[in-house]
Structure formats: structure tokens, C-alpha cells
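What follows is a set of structures for review.
What follows is a pair of complexes built around chain A, which joins chain B in one and chain C in the other.
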Partner chain A sequence: MADVLFQKVRKAFGSAVAVKSLDLAIGSGEFVSLLGPSGCGKTTTLRMLAGLEFPTEGEIRIGDRVVNAVPPGQRDIAMVFQSYALYPHMSVAENIAYPLKKRGIGRAERDAKVASVAATLQLGALLDRKPRQLSGGQQQRVALGRALVRDPKVFLLDEPLSNLDAKLRAHMRAELIELHRKLGKTFIYVTHDQLEAMTMSDRVAVMHEGDLQQFGAPMQVYEKPANLFVAGFIGSPAMNLLAGVLEPSGSGLAFVRQGLRLAVGDGGQAGQKVTLGVRPEDIALGSGPFVATVRIVEPTGHETIVIADIGGQSAIVRVQPDTAYAVGSETPFAVRTSRLHAFDSVTGARLDLAFALPAS
Partner chain B sequence: MKTIAGRIAFNLFAWTVVLVTAFPLIWMILTSVKPQFELFRIPPTFWPEQITFEHYVRLIYETPFLKYMRNSLILGFATTIVVVVVATLGAHSLVRFRYPGRERLAQMVLFTYLLPSVVLILPLYLMMVWLGIANTIFSLVIAYTTFALPYALWLLRSFMQGIPDDLEAAALVDGATRMEAFVDVILPQALPGIISTSLFTFILAWNEYLYALVLVNTDEARPLTTGVMSMLVSAFNIEWSLLMAASVMMSLPLIIIFAFLQTYLTRGFGAGGVKG
Partner chain C sequence: MSGNPLDKRYAVLGAMLIAPTVLVFCAVIVYPLVSALYLSLFTIFTPTLRGSFVGLGNYAYLVNSPEFWRSLWNTLLWTICTLALQIVFGVAAALMLHQNIVFRSLARSLILFPYFVSTVVAVLVWRWLFNDLYGVMNHLMLMAGLIKMPLDWLGSMPNAMISIILVGAWKYFPFVVIAVLARLQTIPDALYEAAKIDGAGAWSRFVDITLPQLRDVLVVVVLLRAIWDFKEFDLIYLLTGGGPIIATQTLPLMVYKDAFGLNDMGRASAVAVSMMLVMLSFMVLYLKLAGRDERESQR
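Our next item is the complex of A and B:
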């Protein structure tokens, strides 16, 4: 059953449209990430769900209730802000107890719940401190504690890890996954970091310029990107996008561009402009029907990134660190045809084409 | 350039400025405790040869000084309360709510502050007469509000701009109503600003002379500024020693308030921003 439902939701600030027409159904207990570049409308989407912005059009449901006109405090949600938004004049304990206080929960019960949340998040020793006396990681845990203490139906998190250093971020990522598993509640997690989205989520909603591009499981988004934007956005280093055209070849079609020619099984029309998507790990240097020129070699230790020139366009290739490539040398290569992606260059939509290497 | 000599020079300079500024105050206090005959002696004495409090006693028992004092206190506190309550809510609205013409409104408010007060006196007086409240302390409260409010609004607005939006949003999500969020989160954050604004307004109301002179002409409503002048300064004679005693007593409430609120005040003017 859907726990959170956006139906044709649109949000405009004056003439600027932040969210275009969002349809999104999030299941109960799911961990969903809203992923996209800066300014794509992630925060706006989350704030509409929290009741801090009103949709210009459309309907938002939480559970089976339309919440468009429900004030934030009555939506049964808790939110962790990117800035943490801890109340500076209150102690850690008072911060965590505040949502309970506003719900008229008695002192004794409040203290007990704060103590239990503090124990979960290892905040016991910090309860009397003021937020400014805490480190970034500690502040983040207090913000989390303030959300946890109430046991809401849905947790909203707006880039909660972006202010932390890399090591703490990895640690908190694991803790959040653990927390989600333990609570079994719905988590909606905003991030522009695809590593976070891919590692933590059950499903990822990729957004761009106020539009939902694709909504699916991390591996699905990675292996079957719905369009050119998702293809280029998901994956690091990014997918190589090589523009070409479909030409008649024998009885069928072939994808042709400078330095590359692949036979196409079904689908497509002669003359159609097609962009070929190849992940860096799906190019095999060393042998094959095509030739690339090595431009840059970047060893990172566990792998080596080679930037090679394929028919006038640079492409990123991921190779084992044990083979050495000389800069400027020409090397033959092949592509893993079963793992290629094709997109219509004009509309950007994914095409289901089957490729084969040319018979040599 | 942090040499010892440099520091000494700086200190000397600072103390000179302090002394020059404070000298009239010191002279005022000394004069108020000198007996009448010592005042006009030539050459003048700096330290009184004889200390007397007779001027204070006369001021309190033989003149309407205490009545003026009461009026001034009522006037100062009432103006401060009205201005600060309205300005706090108004500033919050200007900062937090999006409505058409909000920037224009803020600018217009400042524009009224730019009008010289002399221009406003007559219309105000006519309005007070029309409302039937001429010659009351209340009319002065309204008059002072007209020129203290714009400035207070701007001061508090810049203060509240320093309070992150997310704080209020967090309170709303945590279950507070708009009013509760304002009281629980915004007010404590704006407190230093509210205190400096209160002080500013109180001083303005305490020292105002022109409006009080024009709008009020009974002892029942007259504040200290005009009261003391009309009582002690006439065309024929100025009662210097009484005037000095009155001046000392007029300064007292301000000095007491400053002493209590000094820490807030420096914090208020120093740090507009609040770290979230």
C-alpha cells in the first residue's frame, strides 16, 4: 500500500517552476531517495510533503489522508533539516523533548523517551549541552534524535550528511541504514550524492529540472537508465555517450559513428539519430575490432582510469591496474554488446536495441 | 604596531575622549550638591567646599517634579511596550511571510522616518484634538510611536533576517502552531534585538522635547523634559542648582537600566546573526 502519494503535484514560485508535475507513490516502510543535481526541486518536494510549502496544483496523500491543507505538525511526519535547525537556546535534552512537549506528553514520559533516544544515538553524555557546544556529527545525531523521539509514520531527511566529513558520512550512512531496518518506517531521503542514494535506498527517484526522470531500484536505475539524463547522471565515472546514426546494413541496420560500427538486431529505423551509452567498465582494451588512442592514464590503486580517444571523442575506460598503457599509443578495443544502452538522440528516451560486434 | 608605546598612546587618547565627554556630567553632579552661594563664586570651585542635598529636598517637596517623573515613566514604558510589541510582530511578518508589496511596505515605513518631525506636529495635534485625546499622556504615546516605530521595525527586521528560516519550520514540523513557534523559537533568538530596541525607544521617549512641548500643556500630562524647563527656566531667572539636581535625577533611570542591560546591549549591537 502506498504510504506517500504525489498526484500531479506542481509547485511554482512566481514564474519559476520548481516542481513540474510529479507523480510518485512510495510504499510503506520503503527507503526512497530523491536524487538530482542542485536546484532540481528535491527540497521543494520534501517541504511540500512536510507542509512547509503549498503545492500550486495537485494532491499529496500520506496514508489514506489528503494532506494538502493539513498543518505540518499534524501530518505524522518528522524532518531532519540540512542545517539541522537545532534550537540554539535549548539544551540537547530540551531539543529532543520539544516535539513531545508540543503534543502534551507529560514530563515523566518525556524524560523516559528522551533517555531512550539518547541511548540509541549515544547522546547520553551530551544532554545538558547547548547545540553550539557540539561537533557537526553530534548536532546531526541530535537532529535525528528529535525526529526519532516521536515515532512518526514518515521520516523526511534533507541532505542530513552533507555537512559531515567523508569518514563520518560513511559511518552515519551505515547507521541510518541500520536505523531504517530497525524501525521499519518510511524514509524519504534527499541527496545529490548518488553514492548515498545507491547504497541506502530501496528505490531512487531521479529528478531533473523539476521533473521525475526515473523511479526504480538502484540497480535498475543503473542498468536500465530511462533516458539520457539518468544515463549521464548515475554512475561514477559517468557513462560514455557516443552519438551516431542507424544505417541500413545488409538485411538489417547498423549503428555507425566515427571509429565504431555495431550491428543492430531489431528495432530502430534507418536514419534515426541514436546515442550509444557505454559504461567505463564495459569497454575492454587490448583486443577487438576498434581502435582507440590513449590520452590520459589515472591509476587510483585498485583500478586504473584510462581516457581514450574513440573516433574524435574522449571516452572513459576502467581497466585492471596490472596492465600498463602508454600515453599516445593506439590500442584495439571491444565493447560488451550485452551491456550497451541506446537512446534516441532527439527525445533522449531509452531505445531497446540489441547490438552485435561486426563479423570480422 | 602593537608596541607598548603605541598602546599607552592609544589608552591616553581613549581616556582623554572619555574625560572630555564625561566632564559636563561630572560638573552637573558636583554643582547639584553645592550650596547656592558657592555656585557663582569667582574663581569657581571644582570640588564643593560644603556638600548639601537641600536642592534635592526642595525639588521633591516644593515642586511638581515627582509628578513629571511619574508622567515620564508612564510615557517611557507605555511607548516602549507599544512600539516593541508592534515592531516585533511587524518585523516577523516582513521577514517571514511572502505577500505582494512587502519590500515596498518596508521602504515606505522607512520613508516616514525620514520626514522631519516638525512637519508632522501640526497634523498630529489636530488629529489628537479630533480624537479628543489632546493634552493626555496617551496622545504623547501615540505621537512618539509614529517616529519610534519605523526605526524599531527596521532594527528588528535586520535582526530577524539573521534567524534561519529552518528554525521556525522545524518548530512547525515538531507540532507547534505558528504562534507557539514564534514564542518558543523566534522570540528567544530575537531577544538581544528586542532588548536593544526597547532601550532605544525608551531613551527616545524619555528625552523627547518638541512633541511634548506642543502637544501637552498641563502639569497632569507633562513629562520631565518640558516640565523641568517650564518650572525652572523663566525669562528672568534660571534656577541653576535645582536644574542640576533635576538633571541628575532625570539621568538616574537611564543609568540604572543601562547597568542592568549592558551585556544584552553589546551583544545586541554586536551580533545580528544567530548561528543555526
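Our next item is the complex of A and C:
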């Protein structure tokens, strides 16, 4: 059953359109990430769900209730802000208790709930402090505590980890996953960090310029990107996108570009402009029917990134660190044909083509 | 440490940099203060500035003078009432101007108007409005049926006191508006949004977020305005001249009257020194209270 439903939701600020026409159904208990580059409308989407922004068109449902006209306090949601938005003059305990207090819950019950949330988040020793006396990670936990204490249906998180250092971020990521597992509530998590989205989510909604590009499980988004944008956005280093064209070859078709020629099984039309997507780990240097020129070699320790020239275009290749490549040298290479992606160069849509190395 | 020649050079440089401030401070603050203290120990005939030493005689006179106590009471009454009105209306106006209303920038400059107008001009306008024979105020209130007879706004009590308090509030509330508005604009929106999600209504958001955030600026505003209102001279002098009789005479007016009306500079100085003592003790008390709350809220 869908817990959160966006139906044809559009949001415009004056003439600027932040969200174009969003259809999104999020299941009960799911951890969903809204992922996309800066300015793509993630925050706006979340704020509309929270009731802090109102959709220009369309309908938003939480549970079986249309919430378009429901004030934020009555939507059965809790939100963790990027800036945490802790009340500066209240102690940690008062911050966490505040949503209960505003719902008229008595002192004794409040204290008990604050204590239990503090235990979950290991905030017990900090309850009397003011927010400014806490580190970033501790503030983050207090903000989480203030959301947890109310036991809402849906948790909204807007880039909650972006103010933390790398190590703490990894730690909090694990804690959030654990928390979600324990609570079993719906989490909607905004981020522009694909690592966060991929590692934490049940499903990822990739957005671009106010449009939903793809909504699916992390591995699905990675292995079957729906279009050129998703293909280029997901994965680090990014997928190599090589433009070419389909030409008749023998009885079938071939994908042809400078320095590359692949036989194409069924699908596609002769003359169609096609972009080939190859992940850095799916290029094998050392042997094969094609030739690349090594331009840059970047050892990172556990792997080495080679930037090579394939028919006039740079491509990123991920290789084992034990082989040495001389800059400027030519090296033969092959591609893993079962793991190639193809997109229509004009529309950007994914094409289901089967590739094969040329028989030689 | 002190043996280091560089430290010595810095010490000399420091002293040189402070010196001008210290000199100016001595010339404009310490000297008048000391000389007021000194003068208050004499009876001095103002036109000739000659007189004889009387020790604490002037102070003894003041302690037994009903006029002094009445003026002190008037000063406190005026300061507290006009300050309270300034704060209430100032904060209210700032909150209103902080909203996205149409003509906001126009409204903002209009509201500062009373603060910019020179006191003399403002008072002349108000005297005209308050006039018991041809004043607009009486005219309107008669027409509205609020009063049956024209009121004597400035020449009878308690009207005169109420009038100066109201005009004082009108003239100085824009100061509160400016200070509070500046602070309001720095309160992060996210705090209000978080409170909305936590279920706080408009009133709760004001009490739980706006007021605590305004605390520091209000402490300073109350301090400054209290000092300035306590010393206010021209507005009251021009509106009522301290009258009827001495019903609205505050301490600054009494200083003026003693020095230039009764030509006794010594006693005037004694009043001025007492005024300073009263103000000082109130300020110390106030800052202690404000400081204690501050420490409590930081714990």
C-alpha cells in the first residue's frame, strides 16, 4: 500500500518551475532517496510533502488522506533539516520534548519518551546542554531525536549528513540504516550524494530539472539506467558515453564510431544515432580488437584509473593496480558486451540492443 | 615575558593608541562629572558663578524637599510608562513590517518619521492637536461623542502626564522598531518551519522562538531607551513646561529650573548628581538581572 503519493504535482515559483509533473508512489516502510544535482527540485518536493510549500497543481496523499490543505503539524510527518534547526535557547531535552509539548502531552509521558529516545540515540549525557554546546554530529542526533520522539508515519530528511565530515558521515549512514530497520517507518531522504542514496535506499528517485528520471532499486538504476541523464549521473567515476551510429553490416546492423565497431543483435534501425554507455570497469585493457592511447594514469591504491583516448574521445577505465601503463603508449582493449548500455542520442531514451564483438 | 623588548614596544604602542581616547574621555566625561560633584557642595549664584561652601547642605535640602521627591516620582512614572509603550508598540510594529505586506518599504520609512522630526516641530504639532480651544483632538472626540466638554490635555492632571507619556511613546517607538526589525531578519526561517512541523501555532511560534531570539536586543534597547527617557528634557519642557505647577516636572526640568530660574547652580548640580545616582543604581540592578537570566539560559 502506498504511504506517500504524488499525483501530477507541479510547483512553480513565479515563472521558475521547480517541479514539473511528479508522479511518485512510495510504499509503507520504504526508504526512498530523492537524488539529483543541485537545483533539480528535491528540496521543493520534500517541502511540499512537509506542508512548507504548496503545490501549484496536483495532489499529495499521505496514507489515504489528501494533505494539500493540511497544515504541517497535522500531517503525521517529522522532518530533519539540513541546518538541523534546533531551537537555540532550549536544552537538548526541551528540543526533543517540544513536539510532544505542542501536542498537549503531559510532563511525565514527555520525560519518559525523551529518555527513551535519548537512549536510542545515545544522547543521555547531553540532555541538559544547549545546541551550541554540541558538535555537528551530536546536533544531528538531537534533530533526529526530535523527529523520532513523535513516532510519525513518515520521516523526511533533507541532506542531513552534508554538514558532517567524511568519517562521521559514514558512521551516521550506518546508524540511519539501522534506525530505519528498527522503526520500520517510511523514510524519504533528500541527497545529492549518490553514495548515500545507493547504500541506504530501498529505492532511488533520480530527478533532473524538476522531472523524475527514474525510480527504482539502487542496482536497477545502476544496471539499467532509463536514459542518458541517469547513465551519466549514477556511478563514480561516471559511465563513458560514446556517440556513434548504427550501420548495416552483413545481414544485421553494427554500432560504428571512430576506433570502435560492435555487431548489434536485433533492435535499432540503420542510420539511427546511438550513444554507447560503457562503465569504467567494463573496459578491459591489455588485449582485444580495439586500440586506445593511454593519456593519464591515476593510482588510488586499491585500483588505478586510466584515462585513455578511444577514437578521439577520452574514456575512463578502471584497472587493477598491479599492471603498469606507460603514458602515451597504445594498448589493445575489449569491452564486456553483456554489460553495455545503449541510448538514443536524440531522445536520450534507453535502447535494448544486444552487442557482440566483431568476429575476427 | 616583561623582559622581552618587543613586548615593551608593544606596551608603549598600546598606550599611545589608547591615549587619545583616554584624553577625550577625561575631557568630556570625567571633568564635567567631577565638576558637577564639586559644584554641588556650594551655593552658587548662577549669573556671577560665585558662592560659598555648604558641604552636603544642598543634599540635605533635597532630602527634605517634597518638590524633589515629586520630581523623582514623575521621572520614574514617565520613564516606565513611556518605555513600556515604546516597547509594546515598537515590537508590534516591527513584527508587522517583517511580514510581506504591500508597500513594505514605504511603510518602513513612514514609521521612522516621528524619530526623524525635530522635537520642537513635533511638540508644536502636538500642542496644536491637543489645544483645548481649537485642537483637532477635542474636536474629533466631541464629534464622536466620546466627551461632552473639551478636555484640557496639557494643563490639567492626569491628562498632562498621560499626554507627555503618549507623545514620548509616539516619538521614540521607531527606535525600537529599527532595532527589533534588524534582529527579526536574522532569525533563520528553518526555526519557524521546524516549529510548524512540531505543531506550534502562530502564538506558540512567537513565544517560543521570536521572543527568546529578541531577548538580547530587547535588553539593550530597554537599557538605552531607559537612560534616554530618564534624561528627557526638551519634549516635556516644550509640551507642559513641567506644569500644571510641578505635576509633570521631571528631574531634568528641576535641574534647569534650579540653575536658571532660581539661579542656584549648586543645588541644580546636587539634583543632577542625585539623578545620576538613581540612574546608576537602576542600571546596575537591571544589568544584574539581565545577566543572571543570560547565564541561566546559557547553562
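Methods note: the second predicted complex is superposed on the first by the 360 of 360 C-alpha atoms of A that agree within 3 Å, B and C clash if a C-alpha of one lies under 4 Å from a C-alpha of the other, contacts with A are read in each partner's own complex, and residues count from 1 in each chain.
Here, contacts are C-beta pairs under 8 Å (C-beta built on N, C-alpha and C of every residue); 3 or more make two chains touch, one makes a residue touch a chain.
What you see is a predicted model, and the numbers here were worked out from it, not measured in a lab.
Superposition model on chain A: chain B and chain C are shown in a clashing arrangement.
By the touch criterion stated above, A:Val291 is placed in contact with neither chain B nor chain C. Using the contact criterion defined above for the overlaid structures, shared-chain residue A:Ile177 touches neither chain B nor chain C, since it reaches no partner.
By the touch criterion stated above, A:Lys130 is placed in contact with chain C alone, chain B being left untouched.
Using the contact criterion defined above for the overlaid structures, shared-chain residue A:Ile305 touches neither chain B nor chain C, since it reaches no partner.
Put simply, chain A uses residues 50-52, 71-74, 77-79, 81, 83, 85-89, 98-99, 102-103, 146, 150 to touch chain B in one complex and chain C in the other. By the touch criterion given at the top, residues 47, 50-52, 71-74, 77-79, 81-89, 98-99, 102-103, 132, 146, 150 of chain A touch chain B in their complex. Listed in rising order, the residues of chain C touching chain A in the complex are 188, 190-191, 193-201, 204, 208-209, 212-213, 215, 297-299.
Chain B contributes residues 164, 166-167, 169-177, 180, 184-185, 188-189, 274-276 to its touches with chain A in the complex.
Interface residues of chain A facing chain C in the complex, by the touch rule stated above, are 50-52, 71-74, 77-79, 81, 83, 85-89, 98-99, 102-103, 128, 130, 146, 150.
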